[in-house]
Structures are given as C-alpha cells and as structure tokens.
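Report on one structure; see the data block that follows.
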Amino acid sequence: MNSLAKLLEAALFASPRPITTEELATLDAEASPAAVQAALDELREHYDVDGHAVELVDAGGGWQILTRPEYTEAIERAQLALRPRRLSPAALETLAIVAYRQPIGRAEIEEIRGVDVGSVLKSLHERGLIDVVGRSEALGRPLLYGTTDAFLEQFALRHLEELPRADELAVALREHEPETLDQVIHHDEAS
Amino acid sequence: MDDLSPPASVPETPAVAGHAPVSASGEAALAPPETGFVIDLPHYSGPLDLLLALIRDEKVDIYDIPVARICQQFIARMHSLKLDEAADYLEMAARLLRIKAQMLLPRPDGEEAWEDPRAELVRRLLEYQQMREVVDVLERLGEDRRNRFARTWVPGPLAPAVQAPLALSLGELLAAVDRVLRHAQQPQVHDVISRPIDVDGFIEVVRAVIALRAVARFRDVVPPGAEPWEVLSGLLALLELARRGELRLAQPRPFASVEIRRELAGEAA
Amino acid sequence: MNSLAKLLEAALFASPRPITTEELATLDAEASPAAVQAALDELREHYDVDGHAVELVDAGGGWQILTRPEYTEAIERAQLALRPRRLSPAALETLAIVAYRQPIGRAEIEEIRGVDVGSVLKSLHERGLIDVVGRSEALGRPLLYGTTDAFLEQFALRHLEELPRADELAVALREHEPETLDQVIHHDEAS
C-alpha cells in the first residue's frame, strides 16, 4: 500500500463514524482528490484480495471500515460485541414514512399508518433516528420530523436518494392527487 | 421471541408487500412479562395491516373489495385477537360498516356522478402498502448493516476525540430565540371578570321557593348548569336565611340532598 | 490469513475493549490454545509485513488493534480539520432558552419547547456550551443549567449582558432574519 492509503487506513481505523472523501482529503494537503480516491480504491482492494475480516464500505454518509457479516454471529456468541436491537415493525413503518415525506408531522403519519404514533416517535427520537426539523404553519403549529445522519448510518445509506423512489416501488402512487386513484382503478379495470 | 412471529394464517405473497417476520422489538411495551399470562400478541401493526392481510387471505382484488365479506372478517379477526377495545381497530370497523351501508344505497342513474364509497379506503390501502414496501427495503438494509460491526473503541492516545468546531453565529442563536418566542406555548391568561355575588336577590328566590313548597332542595333554588356566582349566591342566601331563623337545613343521611324547610317559628311570625 | 486469524481480526476490531487470549479462544470451540496463539502471531506478522497503518498489540490486559504511533499526529490534525458542525434547530432553540432563562431546569425547557430535550441537553453539555450550575429547590431538586465560558467564546461575547435584551431582540432579529432563519431550519443537523 502506498503511504496515502496507509494514512487513510489509520484515520478510518481511528474514527468511530463514517468519514467523507473531503474530510479524508484534509489529511494530506498535497494529495489531489483523484489521489485520495485512488488510495481508497487501493485500500478497499487490499482488504478484499488479502481476505481480511474487515472491508471498506461507502455508506452512512462516508467511508467506514466494517467487519464482514460472516463473523458477526461468533463475535456475538462470545459476547465480545453486541449488535444493536432490531426496530419493531411499528418503528420501521414510522421511520419509512418520515424518510419519504419529511418534513412531516405526527398527524400525517397517523393518517397513513392508521394508528397513534406518539410513543413510537418518542422512541425513534430517543434513538437519534429522527429529529424535530421545524414546525408546520398549520393550526397548532405542530412539530415536523425528519431523519438524521444516524438514520443513514444505521441503514448504511449514503444519502436519502439511495432509497427507491416512490415511482420505483411496485405499488406506484402519484402523491396527493385524488384523481390518480380513479385513473389507477379504471386503468386496472380496463386491463 | 416466537410469540411475536406472524400468525401462520398470514402467508407472504408477492401481490402484497409486507409482513417480514420481525421479532424482537424496540418497544418495551411489546415485551411479555417474565411470568404470568402471556397473550399471543397479534402481529398486525395496525388496522390497515390487518385489512391488507385479509385482502390477501381472501384473495380479493384491492380495487374491488367485497366490503360486506371483508368487514365481517375484520370484525371476526378483531374478536379472536382480543382487539375489541383498541380504538384504532374499532374506528376502522366503523368505517367499513359505513362503506358497506353506502354501497347498499341505490346508485343515481347518471353515468359518471357516482363515486365509489370505497375509493378513499383503497387510496389509503395503496399508500400503506407502498409504505410496507419501503419497510421491506429498510429492513433489508438495516439487517445488513446490523450484521457488521464498526470500530467503537477509540485508542488511548487519541481519546477523548476532539469535537469538530462549531459553525454557529450569534444571528443563528437569535433566530432560534425568535422561533422559541413565536412558537412557545403562550401562557393561558384568563380575564377575570368580577361578578357581584347577589345574596339579596337569592334570598328573595329562596323565600319564593319555600313559600311554595314544604320541602325544597338546593336545585330548586339554584338550577342545574348555574354559573359559579349563582351557586355561591344561592348557598350564601340559604345560610343567611338559616341564621335568621327563616328556614331549617337538614341532611337526613350522609350524602343525601339537603332538605330546606320553612322554620315553623318563621311561619308563625 | 487462515480463517481463525480472520475471525480474531473481526473480533478484535469489533470489541470496544482489549481481549485476552482466553476470551479469544471462546470464539471457536474447536481451536486449541496453541492454534489461537499461532493465529495471533500470523495476524501480527501480516500487519507488520504488509505495512498496514495498524498493529496488533498486547497491552492493558489483552490484545488490541491500534493505529501505529506515527499516524497519531496526522489523525489529531484531521480531527481538528473536520468540517465545522452545525447545531440542529432543536439544539439551537434549547441553547437559546438556556441562555435567556438561566438557571433553568429540564422540565421548564420541555414546557417551552413541547418536546423531550434530554438528548439535546446531553449534546450541548458534551460540546461544553452549557453546564450544571446548581439544583432547584423544587420537588425532586432537579438540576439547573446555564451557559459556559465556551458559549460566550463561541459568540464572541464578553459577558452574558452583551446578549441583546428582549426589547432589543426585535431589532436584532430584523437584521438577520429572512435568510438565516430559513438556513437554520433547513440545514442538516449535527447536534
């Protein structure tokens, strides 16, 4: 590995959070963006080819060294590290709605889910997956929620755009257009 | 936690997204107690989830839901899952019944004027189903990430990690002050309008009442729904007249209504 | 590297603390103590020979993977060079309330903001912008918070009295208002 790749390895190793390419570039003032990218590629390849138990992943808003999944079970069994708890279906549903419709208020989420989401919002907020991002202009000025960087990290997303677009989902809906449904229904009947 | 697995009656079909078997939950409320009665918890995350499961089980077209049948099934499933008390489910059951009733109404003869009473429900179901698809994506991504460990331990010489500097201006702080001022709960300020308590007026009322009735009750003096000042005035008037010996107040039993009687001496006078 | 060495690498990477040879042996029931020792030697040699920026060290009651000392300075420099973080709107509003109402308890802040502020207070405290300044006489003797010298430094204030008074705020706000407010609400959070 060249010296820049080693420097990046040290930095990535020392950081508990993902680091962006721009941040990595500040490590060596003389390195061009292309050189940083090349060094990252070299490092990733080295981990892959040499069969390391860790790999270089571009996720959660930056680069991060993570262990490969095949070792997780043994590590957890030996109680050397613990996986975070899974989210409940209710929490995942709420999170999905916030991710797609942010900024969004509690009432709109409840309208979509058909259930009260007060306690779920509280627990997502406590886990740092959502945050208050403003207030609606609507009556009562309700709080509006959005997803956080921790959300991206927990789902290994670089940015929100990595989630499938609404029109890419099997059930495609055009948003908030009452006539759309009618079209959908009648289209379906015709076909 | 097997008790949180989906019931066997909810098969996966590609037609309807959802229902990946998520077990452990982030919500303590779902954790069964260590001992005692453990309910087989329904896996549905809400009434729309249950409705979608029924549509799938019954293999009906989501765009042409046989409301009567599905409504019946919905209520039956609610009973069997002991969800009868859950407001969200009750509301959906009521909604289904209303749609069912609307379907029974004769359609107007005009061609395009009729709006399918199921339209709103179908829209919500589709929206919910789309969201379940996203849940599947998130679940897959989250599970994949969950199975990889990041390095959490910062080596000694570097600890404590240096915090990145803050980009924060006084303007931003003041803007935040402004938001707080604009959005903070305004303290509830009540305008207190003093009303004179009209004891004299109520003394006349009480005299009129006991002139008509041998035994009167408090509600004969102060009508139900009276304002506080009226209640107070009536009470003070009664006490005043009792003090003057014009009437007698008695309570036959604890908590019974107070009986108001003319004082015989007063009557004689 | 053999598969035991890879398993050890994953475990040493994932563990938040040093791991003893005995603990490492629990990862694989079939591995003999000699095999574990051999795998550790292989891992150490691999890091040394291949010129990694990390090394395997037995110190402080167990094995750990550490970045080599020669990178320490670069990493520290990089951490200082991390892009400046912005405070989330939630954190800013909480800070504003503490600044103007100090000393103030968590319950009063929550009453004003209408949401749980536990995690926000924690992060403001970690950033050194607020500190515990006493306890209220109220029931439960809750902690009271106030702003710190670092807070003053951040805003280049000599003392708290330099903050605009309430009656000056309207004027001060007009100067900054339209774009700042919008930016503040829409930028991403780093509370």
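A, B and C are the chain letters, set down in written order, and residue numbers restart from 1 in every chain.
Basically, contacts are C-beta pairs under 8 Å (C-beta built on N, C-alpha and C of every residue); 3 or more make two chains touch, one makes a residue touch a chain.
Note that the structure is a prediction, hence the values are computed from the model and not measured.
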Chain located farthest away, centre of chain B as origin (C-alpha): C
Chain whose averaged C-alpha position falls nearest the assembly-wide average: A
Rounded Å distance between chain A and chain B, as computed from the means of their C-alpha atoms: 33
Euclidean distance of C-alpha centroids - chain B vs chain C, Å: 39
Chain A-chain C separation of Cα centroids, rounded to whole Å: 19
Multi-chain contact residues (two or more partners), chain B: 149-153, 155, 158, 161, 179
Overlap residues in chain C, where contacts from two or more other chains coincide: 10, 13-16, 67, 75, 82-83, 89, 114
Contact footprint of chain C on chain B as seen in their complex: 149-153, 155, 157-158, 161-181, 184-185
Touching residues on chain A, where the partner in the complex is chain B: 13-14, 16, 57, 59-60, 64-69, 72, 75, 81, 83-93, 95-97, 99-100, 112-116, 119-120, 123, 127, 135, 141, 153-157, 163-164, 166, 169-173, 178, 181-182, 184-185, 188-189
Touching residues (chain side chain C, partner chain A) in the complex: 1, 6-7, 9-11, 13-16, 19, 23, 26-28, 46, 50-54, 65, 67-68, 71, 74-75, 77-78, 81-83, 88-90, 114-116, 118-119, 185-186, 188-191
Sites on chain B touched by chain A in the complex: 17, 22-27, 29-30, 43, 45-48, 63-64, 88, 92, 116, 119, 122-124, 126-135, 137-139, 141-155, 158, 161, 179, 183
